[in-house]
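Everything below concerns the one structure shown next.
Letters A, B, C, D, E and F mark the chains as written, and numbering starts fresh at 1 in each.
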Amino acid sequence: MQNRPEKLINDGIRLDGRGPDEIRPIKIEAGVLNRADGSCYIEWGGNKVLAAVYGPREAHPRHLQDSRKAIIKYRYNMASFSVEDRKRPGPDRRSVEISKVSRDALAPVLMLEYFPRSSIDIFVEILQADAGTRTTGITAASVALADAGIPMKNLVSAISVGKADGEVILDLIREEDNYGEADMPVAMITETGDITLLQMDGRITGEEFIKALNFAKKGCESVYKLQRRSLIEKYEKSCSD
Amino acid sequence: MSEDILSEVRRDYIYRLIKNGDRIGGRKADEYRDVSVEKGIIVRAEGSARVKIGNTDVLAGIKAQIGEPFLDTPDKGVIITNAELVPLASPSFEAGPPDENGVELARVVDKGIRGSHAIELEKLCLDAGSKVWIIFIDIHILDHDGNLIDASALASMAALTNTTLPYIRYEVGEEDEALLIKDTPIATTCADIGGEIVFDPCLDEENASNIELTVTTNANGDISGIQKRGTGKIPFEDISQIVDSSRRLAGELRKKL
Amino acid sequence: MQNRPEKLINDGIRLDGRGPDEIRPIKIEAGVLNRADGSCYIEWGGNKVLAAVYGPREAHPRHLQDSRKAIIKYRYNMASFSVEDRKRPGPDRRSVEISKVSRDALAPVLMLEYFPRSSIDIFVEILQADAGTRTTGITAASVALADAGIPMKNLVSAISVGKADGEVILDLIREEDNYGEADMPVAMITETGDITLLQMDGRITGEEFIKALNFAKKGCESVYKLQRRSLIEKYEKSCSD
Amino acid sequence: MSEDILSEVRRDYIYRLIKNGDRIGGRKADEYRDVSVEKGIIVRAEGSARVKIGNTDVLAGIKAQIGEPFLDTPDKGVIITNAELVPLASPSFEAGPPDENGVELARVVDKGIRGSHAIELEKLCLDAGSKVWIIFIDIHILDHDGNLIDASALASMAALTNTTLPYIRYEVGEEDEALLIKDTPIATTCADIGGEIVFDPCLDEENASNIELTVTTNANGDISGIQKRGTGKIPFEDISQIVDSSRRLAGELRKKL
Amino acid sequence: MQNRPEKLINDGIRLDGRGPDEIRPIKIEAGVLNRADGSCYIEWGGNKVLAAVYGPREAHPRHLQDSRKAIIKYRYNMASFSVEDRKRPGPDRRSVEISKVSRDALAPVLMLEYFPRSSIDIFVEILQADAGTRTTGITAASVALADAGIPMKNLVSAISVGKADGEVILDLIREEDNYGEADMPVAMITETGDITLLQMDGRITGEEFIKALNFAKKGCESVYKLQRRSLIEKYEKSCSD
Amino acid sequence: MSEDILSEVRRDYIYRLIKNGDRIGGRKADEYRDVSVEKGIIVRAEGSARVKIGNTDVLAGIKAQIGEPFLDTPDKGVIITNAELVPLASPSFEAGPPDENGVELARVVDKGIRGSHAIELEKLCLDAGSKVWIIFIDIHILDHDGNLIDASALASMAALTNTTLPYIRYEVGEEDEALLIKDTPIATTCADIGGEIVFDPCLDEENASNIELTVTTNANGDISGIQKRGTGKIPFEDISQIVDSSRRLAGELRKKL
């Protein structure tokens, strides 16, 4: 429906006024839901994402149980009204893949062997989408896991990098995602520098790839600080309640 | 097992409280929890509203599309109401297509709106027999602490009053137009707990009750929807008093729109 | 396809010649099927409805079992050829909701605690539809439950009331349902006056509602007599066999 | 467990009876139970028939719609046959989409009718490539006491001979017309029980057998469908005698139409 | 799309040059897959079919287990690209029926009582289709079962007969199947003469039926020899490895 | 249980081998098993190829249809990639719609082709907004011994280079035309086993690893797809060396097309 803007980047300035390696405004709030064991709400640019964690609880159906460790379930779900053209409810191939890679992005930091036969269930709802929903989801899920008190070695932070109008850019918006040349979501354990999610759609040169990866690292570091701060605020608030 | 015992203990507690004329949170029998309505929070949607009733939290979004009318109503637009009881909102919700509770929730909200004629379907017709507006009301439950129907119905009406039809995007007009709303049906739900009727039951109260009655009333007091739920029975003579209370409480909720 | 008749009610006389509070001819026969534990066939105006009951039998899958009482399953199903525009086989949202409220309409009279871990399965097939199929189904299911020898405190009787051409009417036909202002199915335990199903679609005033409810009560009383008679006939027949 | 033993006892009993040249109900090997055909009982359908063979009870309804032809047969109408083995009819039937037994039942009936050319598909074409009659044969099993295929095939043919195409309702003609039937395929089924062939097996007999053969024959004796079912095997030389018996029995059933 | 050839049989000669009772070239290879317990690949005229057998292995889900014998699962599946108009992946009514009758065609030769609670799983993939895929599948499955070492009393051999242009013919090709008068797949235990699959679509006289059945018997005998030879070749090859 | 122990033993064995700089079959860390590509084996398909990498065996078939373009790309053809992990190929595959592994496999192949612009979608447009070629890439796994993605991606590209669009059959042209291929993206996958990176992991190696990285590179060395799989993590500094090896190995595999 919408037409492609003539230029996505103008003299190094992007459509929303950012430079190539700047991130959008991000607001993270931990512990926003009552029913869930842990939760997190993030507004990240035009994205509005809610994550909830239930567990560790008995895994069911029983044949899914692992006698040596907890299993993780991860469900990435877009609300029907989160995108311009209404999304039909229910999983599609894209959300199945995103759920899988997001689950694997969080697995490395979870002490799963503490909870045999259990399930740690992570639900991510995309209420409004503006590019980078899977990385926003992982970022929110990581905070929600901490909020639920699930034993973790570290937080996982995630952000998208990519390429538009020939330039490597950090934290794509919708237009850059739709009309740009490449999109590369990355999740990291910032403290150790380990990568837990890496995907790339589109086409880039080897050099651009390295540059993008470094942008992502820098971005994840910023995200990590906001995640930590949200947990501190939650803790302080719960103490003062 | 321990969960069973816990829920029995909780049921007993609720039951005794109510028998003593008391309620969790000190509410009166016909008193709602705090109700907040926040409109227009999803810019990608044609209309949206988030409603909280106590800890219950519901988001409704409206999307509009151009499509074909039903064969038997060629000159009318279409409303489709759908509810997602996503597992984020409650440990008792499971992923997958709506179960009977999700279906019932969506249908009760849908029938309340439809029965009230809040939306003139004829006004949604662009070209009889071939081109009409299809209005999707999507209800997304975020946090479940009971009385989902009232919250969902209120969120849906609030979102509809906040809806602009995207004539420009669909190239069927030169200006976007606000959706015309002609009435404001409000659903109010009560539960019977040990013979006492309480409105706006929270989740623990719902679990202690085996009968709920939802009555949807309009601005002029007409009824545009009733639904009895649960495995219990209601004495014939209680009904009319419930309807009267429903009408009065709906008047209060209506102010929040 | 069909056009709305100019008037649904003419000087207090309805399209099929009835007055506002008259019911259609009803024929109830208990024990019509061989395989089922209990069954009932009803012709009610243009409705032809068959109900069968199986059970109490072991509930399966096992995770549905309740250790304190029997569960009830209720399946309302329209035959493809029961309506003018062929119905696609299988449940739709309408039949899912009807099955739920019908099940709950019968629950109050069943001694479920007698049969822990069991299931009482009720199947209702709408072979021909002419408005009021859910109430016809509940009425038939109630007789089929009795025919199956399931312990019951009472029979449940059901009928629809509504409004057409501005008048409150009892036992709607198809045209009144399609073109009328309101439809209100009601199920009752006639002997105690308790209501076990109450729904309303459409729009009515508070006064009309009370009037409709009283019509329904009167209607249910008539239905109850026919239900009882069908069971007596079945009993007499089985004695004389 | 007790169910297993019971069914084994029943199987043994049937087996011994048949070995002694006897059958439940005293029937001969090639004798059908009482067969009744009642046509036109569903006024909402374009055609209908209820068939009882002993305690087996089947209702077939015909609906007609206007639709598009298949791409590779633009000048032919469409027949779609569907069977609902609803759980009302038997404790062994489960709710849900047809399982392999339901699919096979519908396909055997369908192929018998199709193979016989009982319905001229060309006559169902209203406008080549765009508009043809789509005939739905819906088989609803009401009570299952064995030999569902014969009952279903007979009910379907009886319903078809009772069918009127609703030209007026679909505004494609000024008069409704009876569906033209050019042949009357009849399915007859036999079971092999311990080496003995019996026709029209009741449910207990079917359970005691591991092989059934359905043969559909036409008015002139041609064969328009064969289906072997079950995990057993049939001696090569038995086949032609079965076909002969099938043809003769079909002649008798055909009179019921 | 394709048009019907004017004549399918010309002076007793069929479109591909065969006489009425001749079979197409058939190549059978046993043991072609590594992962499966037994396998077989057949090229039969224009058909390319792969069969694999797994088992006996524990039947699951558990409620399918039979305490007295093994169950057989059979899955006939057409690859999307096996036919001219792409087939949507997944089972349709035709493949459900074929799977059922094929399973029953093999059951008589399997010693199922040796393996209570087990499952013998047979998977048949139609990679390219040219009429007679179900009989090619049964023939391949029979060899794959033997290759898997499943105890069998005999091999099952299968072939299709039918009628086109008024003549009874053996081993139909696509055009004869599409435009002919009848198609009759047959499976036999050649050594005993027992029939284990018999279906007929279309219309034939009683005489033609008998003639077709005799053609099928002759055809199955030829197929049986090729099946045996493929197993001998496999055995010799495995000895020389 | 015994299966669990067996797989642990196998994992340990693989692990020790690799720690000693060795591999099953004596391969080097960046050495592929034997790779064979056989094109054009399914005449019913518009294009096809069978690829074996060691014991892994994959068949890809291309079908083309005429259809409507997507609303937001009216002047472009459509590519749809689907993978069938049929239970014939592995005891761990189950019948039914693709699970998350099947979905991921198809999407990784699809995105590699799409990202590389190997197929000019504009060239597949016959009539903007109404008529375009829809190209189905169907991947059929026949034997699973690890590294399905590389085999599937190679089979898909080989099948595409072997594809002729059936203009005549669809009556949209007078001659069939070979599908134009503009680049040859090649996927290469490595696994991390105890900190060592090995390419083209066989099934036992995959089971001993908890991290795999697939990199798709083009003829000129550009990257057109990356996918990390598995529950492990990759040190930041390892990535660029993996990409370099991938590029080099892709060059070798490309010669097989």
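By our rule, contacts are C-beta pairs under 8 Å (C-beta built on N, C-alpha and C of every residue); 3 or more make two chains touch, one makes a residue touch a chain.
Model, not experiment: these values are computed from the prediction.
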Sorted by label, the chains bordering both chain B and chain F are A
Trace the shortest chain of touching neighbours from chain B to chain E and give its length in steps.
-> 3
Rounded Å distance, chain A centre to chain D centre (Cα mean) = 57
Expressed in whole Å, how far the mean CA point of chain D lies from that of chain E is 27
Approximately how many whole Å separate the CA-defined centres of chain D and chain F?
-> 48
Between chain A and chain C, tell me the centre distance in angstrom, where each centre is the average of that chain's C-alpha atoms.
-> 51
Shared-interface residues of chain D (touching two or more other chains) are none
Note: chain E residues in touch with at least two other chains are 1
What kind of graph do the touching chains make: line, ring, star, complete, other?
-> ring
How do the chains line up around the ring if the path leaves chain E toward chain F?
-> E, F, A, B, C, D
So in the complex, which bits of chain B are touching chain A?
-> 41-45, 48, 55, 57, 59, 61-63, 65, 82, 84, 86-91, 95-97, 136, 138, 140, 142-145, 169
Of chain B, residues touching chain C in the complex = 71-72, 100, 103-104, 106-107, 111, 114-117, 213, 218, 221-237, 239-240, 243-244, 247
In the complex, go through chain E and note every residue touching chain F.
-> 1, 33-36, 46, 48, 50-52, 54, 57, 75, 77, 79-86, 89-90, 121, 123-125, 127-129
Chain E to chain D touching residues, read off their complex | 1, 93-94, 96-97, 99-101, 104, 107-108, 182, 184, 188-189, 192-206, 209-210, 213, 217
